[in-house]
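I'd like to ask you about the structure that follows.
By letter and in written order, the chains are A, B, C and D; residue numbering begins at 1 in each of them.
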């Protein structure tokens, strides 16, 4: 167990900084599915040198930003059931076709939150093991997208590492995560362990190792 | 004699519904949810139903109300934990309703499979997770897959935007969602539609659900909007 | 082997009479797929008391009659690759969706030709076992349609029975045929054998038995 | 920078094609057949190709010509016995080309499966026939089915009617046929289209193939009509 106060002492990247790092790693002309919540921020950080197409699993390709209050159409929503817009060149399809895009390997990147990511890329992000089980499209996304990016705090509110040797929570997928973007580091999942490809300027590799349950290396 | 699937009253729409039936409900959240047909099902009173839908209802209208009336024995869905769900959590926590959780894409594909004569198919979704438990596993090209079976229904309750008397349907934006595939998977697809047009106004290139998948149609010009109804505290019946 | 000359002596129903019998047995509002060749005649005998919708497996529901010369569109063809028309209320779809209609049990009736039909409903109509094997949509139709009607001459040109105890040619489907309409009889496939539900006025049950390889009964 | 999948020359369209590639060709007979792309493939010269299509070509244009050039090792199709086929029968009867016969619906479903991440599925089609030989059999609800595997490709050659620069496609009438599902099943979908429109002219409700399934587009305003070409005795190249 890590001391949760560490988080208040050593400041990591804020959400927008993490989102911006992810945005920079999405190549021009990518088809991307952004998970509900924090990952949605990514779309606000795409530079003008590229065009990204957003997929929402409820049958919407070419999703645009949130509409103004007077433009809301309750039949035009995203996977989080929030009103959205559609951009020129977008299209609607039914649920089987929409999930063919995901399951058939046509979505280049999906960005999801995590409760736990294991050193071999297992992801747990759908269930705490308590309450009503509800999975939505998460298992399809991690099994089908070409690259699964995780956007997450490095440790839980209770100070426990989220990057772990073995997940303790029910899995969303096994060996599915490509890369983790946390407030302290950007980490690739490799055969050798958690490979640090970017580390927050305020922390050391030693500190990063302390808040990670599994070997980190550069 | 001309084919005409349009009916004018709900009791005719639901006349074949029976206790213990399996019923698919179109919609993703409130978009495309056939609320008036669900309310007619409450009026009808059929019990011990198995409901296949993406969600498990919100508030006390539509599916939320149907569950509240204790007409539902089991829900098969991907996400029963909606923000405004009241009745499902209540019954579930008391052990009074069954739940089968299915990943959303597997749910969609199982429904399409039923409509397409495919009794089962392999998928990578859920491999290595608790939802793969008890499912046959097989390796293709060095990758693990699990076998998922088709999901069919006695009835599908569907919300369309425009229909003609043959049952050709189009939907509005993301209100399309599960509706077209559920029409394929049910023995009887019952449609509520905002508009009815003449067959010669239907563009054959733009039809989303062809009439072959549709049995009965009723016009509901101004359907209830679920979120507004919940905000206004409306309870059905 | 039956004497082929019998055919010239005892006249059976002509093609249009057979087509008319089939047309009368298709209920109002049926979805029907008519095979290439002789079965296509059926559509010309539908009475005004009913509306039938024709499916062509190349993605056309609501097929209409042959167009006039000046109305031909080479992008609007039937499964036999002949120009057709589309009626009001018809629709186009792609091949997987079109075969979902067939394979998913949504086509009420298909009417096909036959080389052989066995007493337990096996059908052989796609291959003589020689030449280039080519199946088209026949196997999908017989496996998927709710009712498979066969429209055929009762005996071959060589005087051999087409209704047989066991098919000798490669099967199109096993136990799939519901009913056979021949020039001499209308016959249901039942557990007890070939059940004659209509017999040509010019022949006797004995004659029918003579030209059928398998028990016929009334 | 804006996404633009439109190319102006055929060599750029086919620059990744290689010897031994598996290529799907859209079309049912001549309707929806991408003749100009096939002719570009003849110019390209790739050999030992596996072709997946419904038919095996007519006359000496399009696929008929490609086979005549001996660029094709194997054809996977439902109906190789077209009335005006010349080159395929010739090579087949000499044992110079392989043929895998697949029932048309199974062919379509195997292609869709590849595009949808389904490695295999069960079907009733062909059960008890010679085409079920060597295939795994399984019983569901007292009925026999056989297991069929997905059919994918390196390239799909597709003929569309209208496209925008994102690759959103619509087709003309029954020229739709195999084209949309082949776009889903290939690593690279190469499209020839009669018209190109601006993205804001594309109606999101009417798109048949969404751009996600399309990699490159070229405009062919007045494509060759196969049956006319055959009648006129045209031989390519």
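Criterion: a residue touches a chain if its C-beta (ideal position, glycine included) is under 8 Å from a C-beta of that chain, and two chains touch if they have at least 3 such contacts.
Here the structure is a predicted model, which is why all the values come from computation and not from measurement.
More C-beta pairs touch across one of C-D and B-C than the other; that pair is C-D.
In this assembly, the C-alpha centroid of chain A lies 30 Å from the C-alpha centroid of chain B. We define each chain's centre as the mean of its Cα atoms; on that basis chain A and chain C are separated by 56 Å. In this assembly, the C-alpha centroid of chain B lies 36 Å from the C-alpha centroid of chain C. Counting partners per residue, chain B has 109, 112, 116-118, 123-125, 173, 204-205 as the residues that reach two or more other chains. Each of residues 86, 92-93, 96, 99, 102-103, 143-144 in chain A touches at least two other chains. Annotation, chain-chain contacts: A-B, A-D, B-C, B-D, C-D (touch as defined at the top). The part of chain D that touches chain B in the complex is made up of residues 109, 113, 116-125, 138, 140-141, 143, 145, 149, 170, 173, 204-206. Of all residues in chain A, those touching chain D in their complex are 28-29, 31, 48-51, 53, 55, 61-62, 86, 88-93, 96, 99-107, 143-144. If you check the complex, the residues on chain D that touch chain A are 1-3, 112, 114-118, 164-166, 168, 184, 198-200, 202, 204-205, 207, 210-213.
Against chain C, in their complex, chain D makes its touches with residues 28-32, 54, 78-82, 88-89, 92, 99, 101-109, 111-112, 123-131, 171-181, 208, 225, 227. Against chain B, the residues of chain A that register as touching in their complex are 56-60, 73-77, 81, 86, 92-96, 98-99, 102-103, 122, 127, 131-140, 143-144, 170-175.
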